[in-house]
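Same chain, two partners: subunit A is paired with subunit B first, then with subunit C.
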Partner chain A sequence: MSIEIRNIQKSFGNFQALSNINLDVPTGELVALLGPSGCGKTSLLRIIAGLESPDVGTILFHGDDATHRDVRERQVGFVFQHYALFRHMTVFENVAFGLRVRPKSTRPTEGEIHRRVRELLDLVQLDWLSDRYPPQLSGGQRQRIALARALAVEPKVLLLDEPFGALDAKVRKDLRRWLRRLHDELHITSVFVTHDQEEALEVADRIVVMNHGKIEQIGTPQEVYDHPSTPFVYQFLGNVNLFHSRVESGKAFIGNLPLEVDAKDESNNSTAFAYVRPHDIDIQKESNIQSAFEAKVIYIHSLGPLVRLELQREDQSDIIESELTRERFLQLDLSIGSKVYVQPKNIRVFLNETA
Partner chain B sequence: MAQKKNVLPGFNLSLGYTILYLSLIVLIPLSAAFIRASSLSLDEFWHIVTAPRVMASYRLTFGASLIGALINAFFGLLTAWVLVRYSFPGKKIIDAFVDLPFALPTAVAGIALTAIYSQNGWIGSFLEPHGIKVAFTPLGVVIALTFIGLPFVVRTVQPVLEDLETETEEAAASLGAGRLTTFSRIIFPSIWPALITGFALSFARAIGEYGSVIFIAGNMPMVSEITPLIIITKLEQYDYAGATAVAVVMLLISFFLLLLINGLQWFTNRRNQEFR
Partner chain C sequence: MANTSPSQMTLYRAKVARNRATSEPAWIKYSLISLALLFLSLFLFVPLVAVFTEALRKGLDTYVTALSDPDAFSAIKLTLVAALISVPLNLVFGIAASWAIAKFEFKGKNILITLIDLPFAVSPVVAGLIYVLIFGLQGWFGSWLSDHNIKVIFAIPGIVLATVFVTFPFVARELIPLMQAQGKEEEEAGLVLGASGWQILWRITLPNVKWGLLYGVILTNARAMGEFGAVSVVSGHIRGMTNTMPLHVEILYNEYNYAAAFAVASLLAFLALVTLALKSFVEWQSARVPTQIEDIS
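Up next is the complex of A and B:
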């Protein structure tokens, strides 16, 4: 079932949690709402679920207006960050709950319920835990049970609120791959909220980057990572170096390196921000035409396939981060204190007005 | 058996102190009652504790206490629910009101209740034309016992309600459960143990209550005379053995009832809490 979100606004007292949100989630897609805490992503998810209602705007499920539909009738599965399992019920009863509370006319028979719950516990690979109680399970197991419970009612939409937020790094990684595979099997329209960019990039078909109650960018992981449309997205997705500069006769500068700017007004006073990813900062031992400035190596972190350098600019106090392949690093023969020339590539400039 | 190292120090000392303290304050005075009563022969004892007037007082004391505690269990739960779940102006004040029956001298409460519920009191004058007499009847006893027991239920249920995650209720709703189902299958099982504790405390307090009841009860033998009053009356007549005999019976019944309630609680807890 597709979800269409039209002009949603929501405020809590004086705090504008969401302003003018428009978003389409096509049937069967796995979409991540990504943003820092307080950006409104959870509010948006709860509005889709019907746990909150928007001040303005409409939600369409499969083309039908569902804005005022009660959460009980929306046919959504909701997975909470802290699992929200019923602790006085066994795992089996937790999963069966959604089936047991159906009105008598649509309630499956006891045998049918048993069959369905077994099936779901098999799906989440925890059938051996069916007689346990939630507090006896590990975090990862609890979240998988919560997922099975949400799937038991055959929801048309699956909504997950920071589903892996409370788990440790290793489990989180396993579980998100598992979620991806599960989604590929079931093809249920899913929206999940996360503040972890790595998680969003790895799992989602599309990413919705949010900040301050607004959508900054919507796109595939590749699009948002390679072509961030705003400075915020640049900074939020991955590491980035920021260079401040003034625009002079249509050009911004990083050190000595001029950059073309398509500024509409030629005013020389507007500020420009240039963003460069650390792996796009190349280093030379000799100055050449593409060198921006001279710098000194102040820190070398050489763990894994990439070597991370911190460079101190000679002309300013700024510190620049650079990532080199191990091969390149050995070839340059760098050590702490080495003088180098910095060559940024793939520079993206934002003028102050867009920042 | 080798002594195990305990993380918390002072186990022997604190346990010893606890036993000494409980003995001095609770166990020794209680056993004194049994010793006193044992000066009677079994026949005399039986005769005293099964006298019709005494039997009627048992029925009133335990019956009215039970009704009062049941009323408190219901309205106390409601009060706790309102105080936890909703915010409204004056909430803090109402929250403070709940403790008043704890703090008020019970005799004052008794006099106040009598004044209000008597034939020409504020409430009593409205009830009188409908043929409902409160003051100086068993109904008055129930009201007094309800009054003094209310805080027990509210104060035991309130913290448990506060700890309930609203997320589990939202989860139940998203699974299609109606409000009633959510309450009976999700919320109620969680607060049940606390509710039983509150009920038991309220019930125990009511059984021993004296001050507030004697004013409103009217103390008519066979009708509105509570067991604690019988004990006092016997004491005033220097019938110490008779008084302690009745007290012993009361103690035994109370002990048995509390044991029963705790057993019920243990039974429900076993399912809910063993795995926490």
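Up next is the complex of A and C:
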């Protein structure tokens, strides 16, 4: 089932949680709502579920207006951040709950309920836990039971609020791969909320980057990572170096390096921000035409295949980060205090719109 | 400690060492403990023993006679009736109020919370007087009630009303913090899974608070049976008609009938002890059952 969100607004008291949200989720896609805490991503998820109602705007499920549809009739599955398993019920009864509360006319028989629950517990590979109570389970197990419970009612849309937020790093990695595989098997339209960019980039078909109640960018992981459309997205997805600059006669500068700006007349002398990812900062021992400025190596972190350097600019007090392959690092023969020339590549310049 | 493993032994030693590091010298410990024990026995244990010894001083026969006196019997019956009516009423009210306060946002929530606490703040005598002012012969509805031949004050309805009033907060006060601590997530999960309001209440909310609820009921019951002030004002002290156990004790005592007074008092004390035992059982049971979700964040 597809979800269309049109001009949604929501405020809590004086706090504008969501403003002017427009989003399409096609059938069968796995979409991540990504953003820092307080950006409105959970509010949006809860509005889709029907647990909150928007102040303005409409939500369409499969083309039909569902804005005022009761939660119970939306056919959504919701996995809560802290799982919200029913603590006084066994795992089996937790999963069976959605089937047992159906009205008599549509409720499956006891045998059918048993069969369905077994099937779901098999799917999440936890059939051996069916008689346990939620407090006796580990975080990862609770997460999978919560998912099985949500799937029991055969939802048309699956919504997950920070599904891996409360788990430790190792379990989190395993579980998100598992979730991706599960989605590829079931093809349920799914939306999940996360503040972890790595998680969003790895799992989602498409990422919706949010900040301050607005959508900053929508795109595939590749698109948002390689072509961030706003400074916020640049900073939020991965490490980045920020260079402040002034626009002079249509060019911005990083050190001595001129950058083309598609500048209009009035943008002359306005401030510009240039973003460069650490792995796009190359280093030379000799100055040349592409060098931006001279710097000194002040820190070397060489763990794994990449070597991370911190460089102190000679002409300014800014510290910038660079990532080199181990091979390149050895070839340059660097040590702390070495003088180097910095060559940024793939520079993205944003003009300061408020100036 | 025969089969204690070495690691357990180390743990135990570490625990002892830590205790030494954080605790007071022995003389302070023991003098504080004995002070507390002395205080408890002087003010709680000795009076309790006194009630039972005084009650049985003139022998078992006098004791049994005092309790089988028709007036005493009717007082016991009235006390149980008042408790039997007020406990279920406050049970239903307490669940409704705490469910509303803990799980929903609405205007006037703070006023409701304050209202629930009112019976704690108001002196029971004042509570009784309020009912006399409203339902008494000279009160607001007095003439209407007497026209329709309904007696509230100096009759059983008045006693039940006063008891309901003073026991009003116990269940709600017990449930509100518990429900607030448990949050709304489980209820929301039930809602998304298609459960109706009643199904959520019966299958999710109530099972989660059952021990707190039982605890609140026990406290309500204890207060309902022991209430003196409010009931005294509205009862009229008509022997064999509107006397509850605490009132009956007072009358017997004022008549210098000490043996009978203490006999009825001992029965009240016994009911209190049973209540305490039940309360301890509930506390032990609720600590044993894994109802608390471990903090996972």
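Everything that follows uses one rule, which is that the second predicted complex is superposed on the first by the 351 of 355 C-alpha atoms of A that agree within 3 Å, B and C clash if a C-alpha of one lies under 4 Å from a C-alpha of the other, contacts with A are read in each partner's own complex, and residues count from 1 in each chain.
Here, a contact is a pair of C-beta atoms (placed from the backbone, for glycine too) under 8 Å apart; a residue touches a chain by one contact, two chains touch by 3 or more.
Small disclaimer: the values here were computed from a predicted structure and weren't measured.
Subunit B and subunit C, once both complexes are superposed via subunit A, clash.
By the touch criterion stated above, A:139 is placed in contact with subunit C alone, subunit B being left untouched. When the two complexes are overlaid on their common chain A, residue A:45 makes contact with neither subunit B nor subunit C.
Applying the stated contact rule after C-alpha superposition, one finds that A:80 touches each of subunit B and subunit C.
In the superposition on chain A, contact is made by A:97 with both subunit B and subunit C.
In the superposition on chain A, contact is made by A:166 with subunit C only, not with subunit B. In the superposed model, A:254 makes contact with neither subunit B nor subunit C. Comparing the two interfaces of subunit A, the one with subunit B and the one with subunit C have residues 49, 51, 71-72, 76-78, 80, 82, 84-88, 97-98, 101-102, 133-136, 149-150, 152-153 in common.
The part of subunit A that touches subunit C in the complex is made up of residues 49-51, 71-72, 76-78, 80, 82, 84-88, 97-98, 101-102, 133-136, 139, 142, 149-150, 152-153, 166. Residues 165, 167-168, 170-178, 181, 185-186, 189-190, 271-272, 275-276 of subunit B are the ones touching subunit A in the complex. Taken together, the subunit C residues at the contact with subunit A in this complex read 185-186, 188-196, 199, 203-204, 207-208, 290-294, 296-297.
Residue ranges on subunit A touching subunit B, taken from their complex, read 49, 51, 71-72, 74, 76-78, 80, 82, 84-88, 97-98, 101-102, 132-136, 146, 149-150, 152-153.
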